[in-house]
Amino acid sequence: MLEELKKQVFEANMELPKRGLVTFTWGNVSGIDRESGLFVIKPSGVSYETMKPEDMVVVDLDGKVVEGNYKPSVDMPTHLELYKAWPEIGGVVHTHSPWATSWAQAERAIPAYGTTHADYFYGEIPCCRVMTAEEVAGEPGHYEIEQGKVIIETFRGKNPMYVPGCVCAHHGPFTWGKDAAEAVHNAVVLEEVAKMAVRTELIDRNSVPAPQYMLDKHFLRKHGKNAYYGQIKKG
Amino acid sequence: MLEELKKQVFEANMELPKRGLVTFTWGNVSGIDRESGLFVIKPSGVSYETMKPEDMVVVDLDGKVVEGNYKPSVDMPTHLELYKAWPEIGGVVHTHSPWATSWAQAERAIPAYGTTHADYFYGEIPCCRVMTAEEVAGEPGHYEIEQGKVIIETFRGKNPMYVPGCVCAHHGPFTWGKDAAEAVHNAVVLEEVAKMAVRTELIDRNSVPAPQYMLDKHFLRKHGKNAYYGQIKKG
Amino acid sequence: MLEELKKQVFEANMELPKRGLVTFTWGNVSGIDRESGLFVIKPSGVSYETMKPEDMVVVDLDGKVVEGNYKPSVDMPTHLELYKAWPEIGGVVHTHSPWATSWAQAERAIPAYGTTHADYFYGEIPCCRVMTAEEVAGEPGHYEIEQGKVIIETFRGKNPMYVPGCVCAHHGPFTWGKDAAEAVHNAVVLEEVAKMAVRTELIDRNSVPAPQYMLDKHFLRKHGKNAYYGQIKKG
Amino acid sequence: MLEELKKQVFEANMELPKRGLVTFTWGNVSGIDRESGLFVIKPSGVSYETMKPEDMVVVDLDGKVVEGNYKPSVDMPTHLELYKAWPEIGGVVHTHSPWATSWAQAERAIPAYGTTHADYFYGEIPCCRVMTAEEVAGEPGHYEIEQGKVIIETFRGKNPMYVPGCVCAHHGPFTWGKDAAEAVHNAVVLEEVAKMAVRTELIDRNSVPAPQYMLDKHFLRKHGKNAYYGQIKKG
């Protein structure tokens, strides 16, 4: 079932340790097949060193496991909420990558200090609000569903494909994209941008974001209908 | 004698350089066999590049070497004190891992800024007080015994399995766990958490810990009787 | 066409990921053949893992592609401006290397704090001014041409071979040299110097540059007509 | 001539890139044969990737090359001064390792914040004063001789084997030891200690050194006549 998607999601998961984004099993990637309404996600607490494509777990949009020898990642309900809210996304990533997580722990959005940021994220990368005691408490899965809802609340009125990620207060980053591979790509960018933003402020505590017209230029040079970066004309 | 335990302790020691926690020989891991009351520890000052399982030293709970071609790690008496005080632990690790050691050098406990911390350590990771001149002076082994006693004093009235590590003022971290492998796992987490806590304060000098209900949720999701993280239900 | 130069430029490009200066495809190197007035540059958005010497693109000094299966790097017009303005340079590099980019994002020149800096850069490494909305707007290529012009403006009245690099505000570093390999060498030095300058200020916020006579000594020991560093006497 | 020493010095030089202490050719190691009064040093500006034991240069205590196909390292006269002043040392290392160099650039001694420091350096690691214009000027070799003299001045009345290294203002670190290998070992420790000291001050800007009795205990546990660390009793 969904063998090709399982392979893609497996490979996207394996990118995380390769890119230095995870310690132990602290990360998970999923990818969705919109036609069947099923998504594929990493199993919970399984080591990257032994994980295989067939260990991926298939889940439906009610959160029910429809195939798999393992329990899905504990963060599965968060992925699910995002897939339900945003039909334009095809992949979701959660990590505890250290630079992005540090912004989450400090409860701060990451300012758009330069073009590296603007090439992928159109404006600051938001920090979702601290969750309430009620949201966090309750049965297994409740907290993880609420986590998803808080992310969606953060992007109300915004295009999630224009800012394909956020940091969740005192927790860590989530990113997304048109598929699992792009979501991982955005997770790598977020970590790099989070690192440079810390250093920018070390160099000058009063640093200011890049001017809006530079952010416009760089994001639209890669993503707008008149994009001219890379080999394939997107417009 | 204790061949299986020697192999486990050897492998746990070899994880330290692999995980970037030690420079040269600055670390040691031990594991105990509670039935025989014997523990196995790394030899002193032996290079990780040439070390073999049979080089591990077997010591009894009076601190006497009962088997081994080498002297045990100079920190052996500290391990011994912890094993005597806390019957629930099965492995102990000491390193000079750079981020954790920096907290030790600054004489500060590591605040619980996020869920990465809370997944393994239930509350702040304490910094043991500066040792007195009397504790530090004296015959070989006296200082190392006192080091153990100061750690135990720090955890008086607390469950050492709920906060499986600390940093010793102006020295470095100790961690523990149900066996040598888990103690090393906790040493890796401590270093990662120590790193992110420094950066969290760089991002906002007035950062606050995660709310208690988030710390509860994350620690108990993995460790309580209703744990639901990973593949094996612990409850 | 220009097979030897393509090979050199390809190898210079491959140094970037090897030296840790680029993530994904965030960098590009070119080299010029002054006799024919043609330069060779990396294609746009092509992965370092699959790139081959024959993928390099040949461009003339009007910016026209004269050979190549791919579009040239989007930053090609910036390289072009530098080649036209400075006949003494033979190679150009652009990266988003994280330490140098952080200085760019903070809009600060990198002070000459020590001899590592002075061995390659004779005085501070300038930060080019923020570009105007007019410079940034317009047709594909306009912004990139203006980027080059702003760099040239920054070096007006200065010898670009004495300070072979700069950081562009809210963007990242450009470096150059007598050929593509030397330009990459200078990119590595710039990143190292940028890193140490941040740390120097962490150690003492009021750090001062090295005295001018030390900067003179070190730069001229390696680059002046009485150079005596290395195996070949340059004088 | 001195084949065994050449091999040792070559291997000690090769440790520098392996341990992450040098970029390009920014480092040099020498070792002396006290009997013949000859020392062996890395050639100037030769790449670590192609360097061989037979490329090492043999120099006498007047600074004259007595064997070698290459010019010796430009810093050779500094090594020479140290060998002449301190008969107890057998090896010297100079690098631009980034953390130690940052302390040099900030003109600050590295405080003895913990036992990692104290295990190798008995007290703070001094920063040599800024050299004068007269010391820096002049013929090739003059500056490098004066660099050595400033280091010796810094250690006047002190045992250089008790604090086997320093940082030279706006330049970088020098370390030494009983032979080339120990000098490199001390260079690695200095870099690690320099890194942790920066972070200690980030965690608490008002951090204080470890108490003297802890510094005594740790240094003497490894180096005094009653040393009891490692496998060989030194007393």
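Every chain is named by a letter (A, B, C and D) in the order it is written, and numbering of its residues begins at 1.
Everything below uses one rule, namely that a residue touches a chain if its C-beta (ideal position, glycine included) is under 8 Å from a C-beta of that chain, and two chains touch if they have at least 3 such contacts.
These are the chains along with the protein names UniProt gives them: A, B, C, D = L-ribulose-5-phosphate 4-epimerase.
What you see is a predicted model, and the numbers here were worked out from it, not measured in a lab.
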(message) Considering only chains that satisfy the touch condition with chain A, which of them also satisfy it with chain C?
(response) none
(request) Taking all residue numbers used at the chain B/chain D interface, answer same if over half belong to both copies and different if under half do. (result) different
(message) Centroid of chain B to centroid of chain C, CA atoms only: how many Å?
(response) 47
(request) Determine the centre-to-centre distance between chain C and chain D, using the mean Cα coordinates as centres, and give it in whole Å. (result) 33
(message) By the touch rule stated above, which residues of chain D touch at least two different other chains?
(response) 201-202
(message) Based on which chains touch which, is the overall arrangement a line, ring, star, complete graph, or other?
(response) ring
(request) Let me know each pair of chains that touch one another. (result) A-B, A-C, B-D, C-D
(request) Over in the complex, which chain D residues touch chain C? Could you list them? (result) 23-24, 26, 43-46, 70-71, 74, 96, 98-99, 101-108, 130-131, 133, 136-137, 140, 143, 170-172, 198, 201-202
(request) Flag every residue of chain A that touches chain C in the complex, lowest number first. (result) 113-116, 185, 188-189, 192, 195-197, 199-204, 207, 210-211, 213-214, 217, 221, 226, 228-231
